[in-house]
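Quick heads-up: structures coming right below.
Two complexes follow with chain A in common, the first pairing it with chain B and the second with chain C.
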Partner chain A sequence: MTTAARTLERGRVGESVKRVDAIPKVTGEFAYSSDLFAAGMLWGHTLRSPHAHARIVEIDISDAVGMPRVHAVLTHADVPGAQTYGLEFADQPVLAIDRVRYFGEPVAVVAAEHPEQARRAAERIHVDYEPLEPVVDPERATEQAPIHDGRPTAGHGFRDDARPNVVRTIVIRHGDPDAQAEVSVSGVYELGIQDQAFLGPESGLAVPDAEGGVDIYVATQWLHVDRDQVAPCLGLEPDQVRIHLAGVGGAFGGREDLSIQIHAAMLALHAGRPVKMVYNREESFVGHIHRHPAKIWMEQRANRDGKLVNVRAKILLDGGAYASSSAAVTANASSFACGPYAVENALVECTCVYTNNPPCGAMRGFGAVQSCFAHEAQMDKLAAELGIDPVELRLRNALAPGDSLPTGQKITGSFPAAEVIRRAAALPMPEPEELPRDPLRLPGGSGNTTRGQGVKRGVGFAVGFKNVCYSEGFDDSTAARVRLTGTGNGLEAEVDCAAAEVGQGVVNVILQTARTELELDDVVLGSATTSSVGSAGSASASRMTWMAAGAVQLAARAAREELARRGGELKPAETIDVERVYHHRPTTPLDPETGQVTGDGAHVAYICAAMRVVAEVDVELGLTRVVWIGTAQDVGKAVNPQAVYGQIEGGTAQGLGLALMEEIQTRDGLIANASFTDYLIPTTLDMPPVVAELVEEPEPDAPYGVKGVGEPPTVVSTAAIVSALRDATGRDLNRVPVRPDDIVGLS
Partner chain B sequence: MDVLTPRTLDEALRLKAERPDAVPIQGGTDVMVELNFDRARPSALLNLSEVAELRGWSRENGTIRLGAALTYTEAMEMPLADALPALAEASRTVGGPQIRNRGTVGGNLGTASPAGDALPPLLIGDAVVELASLRGERAVPVAAFLTGPRQNALADGELIVGVRVRAADGPQTFMKVGPRNAMVISVVSLALTVDHDGAEIRAAFGSAGPVVGLVTAPLAELDGFPERVSAAASPIDDVRGSAAYRRHSLRVLTERALERCLQ
Partner chain C sequence: MLAVRVELTVNGERHEADVWAGESLLYVLRERLGLPGSKNACEQGECGSCSVLLDGKLVCACLVLAAQADGHELVTVEGLGQDGGLHAVQDAFTETGAVQCGFCTPGLIVATADLLARNPSPSDDEIREALSGNLCRCTGYAKIFDAVRLAAGS
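Up next, the complex of A and B:
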């Protein structure tokens, strides 16, 4: 069960280094969390609600308990400690108590010797539901009966919004929100529910120790925050719950919330045996939160010279049944609603509501994706209204250091928005390919639907930005530990950091940083676990490279100082062992009434990207081929350039998915397409080559000037692709994913 | 769950007679999905992949006989692809290479989904399905064989052993619409041929009604044929697309297919 210490690829900060996990993943040798095994282990299974909203009258487990080889059948009555948990508010029951609030909500868990026995035992649990009317329309949610008791958000320092089912409301008043200008453009924009669609389903293994504690091996994004949510629900002390990172098959925000952790641990502690849980694909679609669907009303007022004067936006986010990270998503969606543009007046209202739809939370781009889709559609519209080139219009308004966000936060540090716009716009676009062509190089692809009939070419452009690191006063620090040991003929080094490798390449970042700071090639990285080192914070918010590099740099420098004190050498087996915690600069909450910053400011730093897209659209069938993507991205400093390009391509593909095909469809709160047959993600025939330029303008506060890279491509690519589709079709296309119906004019 | 693996067709028919509940499985590209999604827990699987008589294809005069185990990959290869171009084009739209190596024409008939990609090309070629049981053999035209969504005319103890289809005697094409450019279940599909001997247009649509549907017209009635195909469909709104879009697309596809086949 323990993962062997990872040995190291050579390479230092700024060099392209082959990913440590690359070959094992490609060859199938890498152990994912679904591959775990322990002698004598049982298999866990979850019984889930078939209703979006219902009262639980009774749960009868008597038939299931008596089944052969079934070792545990547990309900809310068996939760040893706190009944609820959550990232921001503890509003989510470990197992449903007297009410289910979404389709797929866990109601009971079973452990048996074979997964099929566990599944069959779960079928024998009799739950008497009394269906309730589901709240499914976010626009009506604030007028319907509350789906949570009391005021779940009271006491968090948020704006007082007494309407039922409000998770959080932010109102940002900036300058004179009634300011008039020479022209005005407006629109209403909608985004469907996108899923993270990671390929490795939720899975893990819980192993009871002999002293009442438990070790949990799980694919997650933040080991220590899992522990801090799991331990109270198990009624254990934090050090009795040890979380170890198991191989992560993709995350994208979808592993910030708990999935199997408490359930597997409850079963293991009850049965006194290791318990493994693996969701199947269908279950995975209800087993994690999704990207918030949104409706955005936006008006831009500008002068004839293109200068933005006032932006007025109203944003409605559907948070689904539980809060998850909705409050922070609400802050991001509102903070970035005006785009990376300087505007002196603004009124932004953003509300996230509870509904009985699938719960939503963190996903790559985190609120900025939704806003970017709206503000960039608006910029294209404004450019057309003014007769100004869309790139030029964006340059004239580009936010720069010294300018302020609508929250009043002054931009300090690096913010090369104009530079990314210029660099992306300067990339040469490919010439149209000649006909006839292989159908694979036409819209419709392998479907063989056109030889060129109906095909029109369009070019789109967009700019997007978001924050790096957590915001609003959250101190998401990262710890790292460095041990130097004398070998007799030199030194060897071991590094511990609980940063979650979720496929983004942070393992290489840690090693490259350690090699650079220690000036040593032989560095070993220990397994990520809560038992050997302090919290790393989350592999989220494009923060992990910055924070892990900062922590490893601090610890490595401290180790070198100690080494110098000892004369620069260690005797054989003599060790230096130091742990250091790195903090980004402090932030402060937004004023709940005005939405203006208090103190140091709500965000730490920003990352931006610009993207140009060439697309071909079959306007008669509504099918699309994205031909080419060129982008320039503000990365601060590329620690591992090869991995940075990989993040840009992957992030772009995820945004392409939202633009063209990815949507969880619901009917009265029930998910209608919980499979990869009907929830489509892009294939290699949908995703074009990406030409990426890295803009390396160092962030003054950050180690080596790094920023983050994971999210900007996703923020900007949805907007840029739909911009190209609008250019090709002449249609508004105000909703993503864009459906063929929208392109051919049937919707 | 038992897995029965006969080595000959006789043995397969005997096992099917003994275990009428056994679900035949060839490539497994449909059956295994049902199992993996917990939608089916058959008491037995009848694994046909070792039955040599079901494999391959042959030509007798103008008729092509496809074994039930003919894979999509094989349907894309020459010279079969020349004899049945629409089936070859349809096969190219199925899944990825791994799926095309496993999935079979017989399986497509057995599943009888209105989205079965091989079915419209069979329909335009007047295909006849060969069925066998211990009671003997019978031949059922494909239109009569497909009785409803995921329903077919297989009787107890019967297996699909092959399908006879007319070799193309005029241009043919197949098109499939999906919101992704590969590996997608059809939102709507169309196979069309212009049969020069009979001067007849034959079009078959998929995913636009409970079963695949055939529309024919003399070449003289070319005008208005796309509208006729569109009107013959009875599509529904579902997670893959709207009924209105399916009707619209069928008209566009038919226009384009005619253009391809008549140029």
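Up next, the complex of A and C:
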């Protein structure tokens, strides 16, 4: 743990640069979406379903409407346009129509002058529900009555699976799926529901304009796709709905789906006044999608020399009540199921089902987290079976450029899996600590429960990978706009890009790229909004650095060309204003029958990471302490090294949370732990030091060779930590989060 | 809803507000006094994002009713800097990359300023223990520890 060197204020690509928003964030001036205020503003509140599955017989709002200072009480009958929306399939009602399908589904919205009045008015709405049998067991969902009347029957590489409650099925057949080998290991692995648990609650402000349109200031990950979902539901043209990025208190995938956007806008348009909505923590836990819980059956067949011959996997994902981005998560979970290993034969079947459990969608790692937990447990098992060192076994099978994924897609570009394995394995581990010692440094920590007698040390290792950018034929382009203005003694430069700054630091990427390309230190960044520039795509899939840098580079180069054409100078107030759109190379869907690539291939590029973990476990009490984490990550090129290390440390912490403590618990579909008292996330006492090494092998297709950084640490750390716990305990530990009962053998 | 009048001194300035008796100090700071720097990540005493100093003691503003704070003195993140400059802790957070989304930052800055006022050179374990009530979802805390060490050394 060293103190960082001083950072630059206005650096260029490759330099550690202080965040442009750091000062307003440390002084308290930065305006998050929950900090907004407008004169005459009302407070919105959402009435949510107490049932996981029920028919709505009647909604009676008459008591609520008449309450003092209550200005709007709206139900599905008041939705001005389309009744449903969704990222991939428009299956989610703006407000429940005749049926609720999950606990916490929005049923009505209210606006009042004080938030407490809005809450009280919502309590006075009488909803007559007729409870229905909830579908809560994903393994039985395909045999139960469908919870949706229709089902997704289109979209990238759609495979017809007529069983009820299927969101998407993918089957990948590669080589000879029946190929035999000298040894076989298998296991069944499970992951609970993880929550993004960003600290800034869902919130925003909708302000009606004088012509029937609306401005929405909100924390989101993709402004333009919000607009394209919101406008049809409001019955408005896209340019009548302007979405502006308000300060975002973390996202991690949980802000890809809409939250308050349509509700606040409906209330504002109805009341003719600005409306602010802020979820509290309990509402946030039920009000957004989660990471898909999964059950994975996996078998690896290998020869005695350690070479993998065949991987057979069946993956079941619980998508919950609505599709959200489940179809894409299914594609990722199956594409990466075999791990970053070359294997000539594979059979992977992945199904995502609808249930009445909490809806699931995007979360950091997006399908790869679940697969990594399974394939890495398997690699440890295989290493033990063969008597080969686990690191060595991974090296012998590591995927490299020229090899193919089980989808048949050939790896082109950079793929330094072997290098990250070697670099992580070479990091020096700390020596075992002596006893007695401060309880803070023992499993159980300040709980002071152990003296250390039952403490065993274990070392774990894991490798993981995933894709960068959207896949399967999706053109998630990014636009940027550069304006140069003559000042009399030089140039002023301004950049617009709608990339969502969610904490990851894309504002710095944009400015560092612009300074580098324009060779200017003073560049101003405009605010992200749908009204000044085209779509940036989503701040997700580890894609925003690559895509924003690409777009700003194109626009800046075009501006410089124009400047050269005008003789290299601009007169005072003369401007050059160019917008350019950057596309990554095209991708194509998988073949629906074989799961093999068609055309250009399903994915753009990949990022991988390896991690070694030292943990201590009190095997009698079931308590754990992660002592040290060392990791090497493939990042292409670090645009802002300080921020890259920050992503690795933070992403690792989220994987540690899933390994040890984080799980949304449900009973018959009802969430039982919607608070930070009952849903625990890692604190300062849980996090060990993280030593990170960057592997910078440039991606040939990408600006400056960048890739992405956000997801691999989360993909790999859950698997690596549980690997260390297995080493310490000798137990299988096939389910995360690992509970004390699992460690002592009570479960 | 019945209103009560509360009088607060915040960052050296006197304020009066008519509030509903159920309003927390956090709500009044944020929504009535125009000081949204203190954050509202949980509103149930679990995250520390609303940390303020009440008569010099570190408290979660979400757990204090505004009416209980009547007549008392408060310091919020907005009041830590002096003469328009940053407090040493604020400067250290910007320098070390301890800020990502920044939603935890105001609470951590107030809590760190409080820690360093009591213990100017804390050990690493003391830092971890003192800040264990402040959740951060973005950073994994490593750079926050760097920031505290930097501020302690300055």
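As a working rule, the second predicted complex is superposed on the first by the 729 of 747 C-alpha atoms of A that agree within 3 Å, B and C clash if a C-alpha of one lies under 4 Å from a C-alpha of the other, contacts with A are read in each partner's own complex, and residues count from 1 in each chain.
Operating definition for what follows: a residue touches a chain if its C-beta (ideal position, glycine included) is under 8 Å from a C-beta of that chain, and two chains touch if they have at least 3 such contacts.
Keep in mind that what you see is a predicted model, and the values were worked out from it rather than measured.
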First (chain B), second (chain C), both or neither touched by A:T718: neither
Contacts of A:R625 with chain B and chain C, given as first, second, both or neither: first
First (chain B), second (chain C), both or neither touched by A:V248: second
Touched partner set for A:M661, first chain B, second chain C, both or neither: first
Chain B versus chain C as contact partner of A:T683, first or second or both or neither: both
Partner chain(s) touched by A:R739 [first = chain B, second = chain C, both, neither]: first
Dominant toucher of chain A (residue count), chain B or chain C: C
Which of chain B and chain C A:S371 touches, first, second, both or neither: neither
Touched partner set for A:G447, first chain B, second chain C, both or neither: first
Which superposed partner A:A672 touches (first chain B, second chain C, both, neither): first
Overlapping contact positions on chain A, where the chain C interface meets the chain B interface: 280-281, 440, 446, 675, 677, 682-685
Chain A residues touching chain B - in the complex, by the definition given at the top: 119, 280-282, 440, 443-451, 453-454, 620-623, 625, 660-661, 665, 672-673, 675, 677-678, 680, 682-686, 739-741, 744, 746-747
Residues of chain A touching chain C in the complex: 1-4, 6-7, 16, 18-19, 21-23, 25-32, 34-35, 37, 114, 116-117, 196-201, 247-252, 278, 280-281, 438, 440-441, 446, 502-505, 642-643, 645-646, 649-654, 675-677, 681-685, 687, 689-690
Residue ranges of chain C touching chain A (in the complex, touch as defined): 1, 20, 22, 30-31, 34-44, 46-47, 49, 76-78, 81, 86, 90-91, 93-97, 99-106, 109, 124-125, 127-129, 131-146, 149-150, 153
Contact footprint of chain A on chain B as seen in their complex: 33, 36-38, 89, 92-93, 173-187, 239-242, 244-245, 248-249, 252-253, 256, 259-260
